[in-house]
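Shared chain: chain A. Partners: chain B in the first complex, chain C in the second.
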Partner chain A sequence: MLHYITINIDGADIKTPKGVSVLDTAIEYGICIPHLCHVPGLSDIGACRLCIVEQITNSHSKITASCTLSVQDGMVIRSNTDKVRKLRHNIAELLIAKAPNSRAIQDIAVRCGVKRVRYPFRNENCVLCGRCVRACSELWHANALGFIGRGKERHVERPLNIRQEFCKNCGYCIQLCPMTITPCDGPIKPGKEYLCGNCESQLIIAEETSEKCVWCELGKGFNCARYSQC
Partner chain B sequence: MPRLSTREDLELMEKRILHDMKKINKTLIVCGGTGCRASRSQGVIEALNKELLEHKMDSKIHLRVTGCHGFCEQGPIVVIEPDNTFYCHVKPEDAHDIVIKTLLNDEIINKILYTDPVSGEKICKEEEIPFYHMQDRQLLYQNHKVNPLSIEDYISIGGFSALSRVINNMSPEEIIHEIKVSGLRGRGGGGFPTGRKWKECREAPSDEKYIICNADEGDPGAYMDRCLLEGNPYLVLEGMMIGAYATGAQKGYIYVRNEYPLAVKHARHAVQRARKLGLLGENVFGSSFTFDVDVARGGGAFVCGESTALMASLEGKVGEPRPKDVHTVIDGLWHKPTTLNNVETWANIPSIILKGAKWFASKGTKGSKGTKIIALTGRIKNTGLVEVAMGTTINSVVFGIGGGAIDGKSIKAVQTGGPSGGCLPVDKFNLPIDFDVLYEAGSMIGSGGVVVMDESSCMVDVAKYFLEFLQDESCGMCTPCNLGIDRMLEIVTDITEGHGTPAQLNLLEELADTVNQTSLCGLGKTAANPVLSTLNYFRKEYEEHINNKKCPACVCKTLIEYFIDSEKCTGCSACMHVCIHEAISGNKKEVHIIDPVLCQKCGICKSECKFEAIRVK
Partner chain C sequence: MESLQLKSILRDRISQPHQLIEVLQDIQESFGYIPEDSMREISTTLGTPLIEVYRVVSFYKAFKLKPSGKYTITICNGTACHVRGAKLLLDQAVNQLGIQSGEVTEDGLFSIENVNCLGACALGPIASENGTIGHHMTPAKLRKLIDLLHTKEKEKAKNASAKH
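Up next, the complex of A and B:
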């Protein structure tokens, strides 16, 4: 039998089974917490930091990622304060400035309210979310992909740089990669990067209902966990 | 050697060693730490040994090769007990004089005496040297007394008596209470109260618990952990044993970086000796306490100094941090309760047990107790390892012990706490060395590195240096740390190259704040401190770079220009010959000219010019 506990997210008392993460609970209850590296069914590493929330203990607030935070009885979480929104905006801005050539990341930028990118664009192909690596090792136990290097050298690579026999050709890495869906206007050429504004219909949703999940179109780009629940 | 199976065995052994030592009338202490080895103390040791043998004095005079004394820039150091005659910069050829003159005839050799750089006087005794006498050397002084390869030396100064006392007379709760009352806080940087950490680990339910000694010191310029572990590994080991007894752990690890070969060697040797004596293993001192230690070598990643990354590395995984929402005292190594403390924290434990928590708490300030070892480096007269009581002001460390600026320049700032710390300007030098005070000022004690900078340092360049370091050493896992540091570095590089804009300054501040708040581990959470503290205290320098395209300290290469002062130039052509870019032209005995297009601003000509005719603007 599941053991239920109560936590408070954005003022709402929510009953949730013990052992799940704050992010899962919030999404289940229709509270929108943008996320990228979280994939239902895979372990969470807290890499993208988009799902940050404020955890309040004894009127002391702490910023932490909600995907790696397990629920505890009486926990108080604020997912949509000005502070959280601003930090989330800054992280989304870092991501989009690095890899604008992805509809998923463009969508996340819209959802997090990025309207202008203050850094020079780069047109890189990986944001190190690690979805492919975890899917490969955890779902299929193939370990045909992994991270190599540290700091700016960190990248996803196959063992010894070649496709190994133990790769099962499942294609799950490609399916989960946020970079494989190009922006609606097609791939962005190097040097011509832009912040895609094509989701204007979604902009109002992003601004006015930033705290609720309204089944926005923006989540489809990166397989928002809410979509995978149904 | 017999096993020490009871407390009486230890006391007997101590008595026997002390009795044997009575035959010796003088002891030659030669520093064999990494610093002195680099200045060839090995040759001095061999020469002294040879001389002693030749004059048949090896039975009366004891030659003790010890760990670091802290005054590495004066190495190799030789101290002669009981008078504490202090010789520095000793060369192998001085060995003959030392043996004949000082040991046989009690003469002082002036040539190798220490000269105080402040007063210019020769000083004969160790304790009279200002660098030493202003310190409060509770941990470091033991380095003098112990040969790191001899457990007997450590026992002779009362070693392991704290362990025997806790095993025979104290319950784990009493130990934890004692540590709590002492107010000891983690010396690795975080400053977490050690007693509380032990208590949480003791109370965590588990049949298996671990103890870890974090010796993965990686801050640029800091080496106090290395010095302690290679100079007195038994002290650290005893601290760990007491910790294990208090928290209920059965297994401990010393995680030391492989770049510290001597520390690895000495720690391993210490563990083996302690095992042979029965101090490690089953039923220590005849009690039911069982504990063993292994030495694990780290690959040298800075991020592995972070507790969770260190544990991942110990488990054989990639050294990457994991979220710490559940503390490592509950979910640590192999998901078991683990107490991880820094080398210096462990080294403080035995004396707290022996001398009492009150003694420890009598030193220091309200929030920070005891002493702290500081690696004092930079543009000052005396550099080295310094141990002072908490609460000593930065002023007395920099100007008192450090002796003030060199080359008649004025001191501008100190950088404390390594890449996680910040820079404090001169008007903050009245602040005490205290965890909370420095944290509030935007810096931190960190592991204890203090780098003094004078007017020739550009604070934007300092921020850039630390960002480059952190970019290389970040594991790259989380977005704010990986991309955030990258972008901060991009902005700071823009500023040092003269393309900075005032808007970038605000962006830099906002980004730094984001990185600090949202990163996954301690490395990222403190990564922006160098930027934030320099922005806070030295904003004018940033603005000077941006608005006037000038580097006030003449460091940032794109913003400076070398030129020849026509009044001082004698036309000697020395600069012309050394310039590998052929940027200097001129006839002999006429004023030379630097071509700014060809000049690569390497500064070789400036250092070569004897007339100070080459200047920077």
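Up next, the complex of A and C:
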């Protein structure tokens, strides 16, 4: 039998089974916490840091990633304070500066309210979200992908840099990768980076209802967990 | 020969994935680098995925994927050595041997390594040759050291050919 506990997210008391993460609970109850590296059914590693929330204990607040934070009885979570919004905005900005060539990342930045990027574009092809790596090892038990190197040189690579015979050719790594969805007008050429401007209507939604999930179109590209629930 | 050595390293560690780093350290010590075939062997014997072995090897600087030269010139670039001109030592070694740090000369004799600290800051700047620390190094001293090693190798080769 599931043990239910009560936590408080954004002022609402929510009953939730023990052992699930704060992010899962919030998504189930329609509270929008933007997330990128979280995929339902896979373990969470807290790589993208987009899902940060403020956890309040004894009037002290702590910022943590909600996907790796499991629920505890009497927990108080704030997902949409000014502090969280500001930090999340900054994280989204950094993500988009690292890899602007993806509509999934452009969309999630719009959802976080990014209108302008203050950092130089680096045009990389990977944001190290680790979706492909986790799907490969946890879903298919193939272990044909992994993180190689450390620090600045950390990147996704196959064992010994060649395709091994134990790769099952499932293509799931490509399916889950947020970088495979190009911006609406095709891939961005280096030196001509721009923020996807076609999403003005979505921008208004993101601004007016940043705390609620309104089934916006912005999450579709990268498989927002709310969409894959039903 | 190599496979025999590998077998003796792996003998008591069958199906023990937690022994991965110890095994890699032993292989690094006896071979000087981690060969690709040994990585496959480790993965099947210990029961760890190949990517895990490769990930650990690429993560730690102590493990090398390519064999290093017979003489490894290690130049310390820690704070103390850096202040006392370790950059000049590195330039000297790079210019004299014609390779960058982390590379091996064509004859497989020398390799240059640039490390962050060797832990003997009072003796800096340091350039060590196969673990033997040369203290208070200057570019001139380093040049002499490399020349000495070169002539040593040449004499060895001469003696070997004379014996035949």
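Basically, the second predicted complex is superposed on the first by the 230 of 230 C-alpha atoms of A that agree within 3 Å, B and C clash if a C-alpha of one lies under 4 Å from a C-alpha of the other, contacts with A are read in each partner's own complex, and residues count from 1 in each chain.
Basically, contacts are C-beta pairs under 8 Å (C-beta built on N, C-alpha and C of every residue); 3 or more make two chains touch, one makes a residue touch a chain.
Just so it is clear, the structure is predicted and the values come from calculations on it, not from any experiment.
Asks: Kindly say whether there is room for both chain B and chain C on chain A in the superposition, answering fit or clash.
Replies: Once chain A is superposed (C-alpha atoms), there is room for both chain B and chain C without a clash.
Asks: Taking the superposition as given, does A:Y227 touch the first partner, chain B, the second, chain C, both, or neither?
Replies: After superposing on A, A:Y227 lies clear of both chain B and chain C.
Asks: Comparing chain B against chain C, which has contacts with more of the residues in chain A?
Replies: Comparing touch counts on chain A for chain B and chain C gives B.
Asks: Once the structures are superposed on A, label A:G46 by its partner contacts, choosing first (chain B), second (chain C), both or neither.
Replies: first
Asks: After the superposition on A, what does A:Y4 contact: first (chain B), second (chain C), both or neither?
Replies: After superposition on chain A, A:Y4 lies in contact with neither partner.
Asks: Pick one for A:Y194: touches chain B only (first), chain C only (second), both, or neither.
Replies: neither
Asks: On the A-aligned overlay, A:L95 touches which partner chain: chain B = first, chain C = second, or both, or neither?
Replies: first
Asks: Is A:F147 in contact with chain B, with chain C, with both, or with neither (first, second, both, neither)?
Replies: both
Asks: Quick test of understanding: once the structures are aligned on A, what is the angle at the Cα centre of chain A formed with chain B and chain C, as a multiple of 10 degrees?
Replies: Taking the centre of chain A as apex, the angle works out to 40 degrees.
Asks: Scan A:P159 for contacts with chain B and chain C and give back first, second, both or neither.
Replies: Touch partner of A:P159: chain C, not chain B.
Asks: Just checking: does A:L69 make contact with chain B only, chain C only, both, or neither of them? Give me first, second, both or neither.
Replies: So A:L69 only meets chain B here.
Asks: Upon superposition of the two complexes, what minimum C-alpha distance (Å) separates chain B from chain C?
Replies: 5
Asks: Please report the chain A residues shared by its interface with chain B and its interface with chain C.
Replies: Common interface on chain A, chain B vs chain C: 147, 149-150.
Asks: Please give the residue numbers of chain A that touch chain B in the complex, ascending.
Replies: Contact set of chain A toward chain B: 45-50, 52, 63-65, 68-70, 87, 90-91, 94-95, 97-98, 118-120, 127-128, 130, 147, 149-154.
Asks: Taking the touch rule as given, give the residues of chain C at its contact with chain A in the complex, in rising order.
Replies: 36, 39, 49-55, 58-59
Asks: Residue numbers of chain B touching chain A in their complex, please.
Replies: Answer in residue numbers: 301, 303, 318, 322-323, 325-326, 471-480, 482-484, 486-487, 490, 503, 507, 510-511, 514, 517-520.
Asks: With touch defined as at the start, can you tell me which chain A residues reach chain C in the complex?
Replies: So the residues of chain A in touch with chain C come to 137, 143-150, 157-160, 164, 166.
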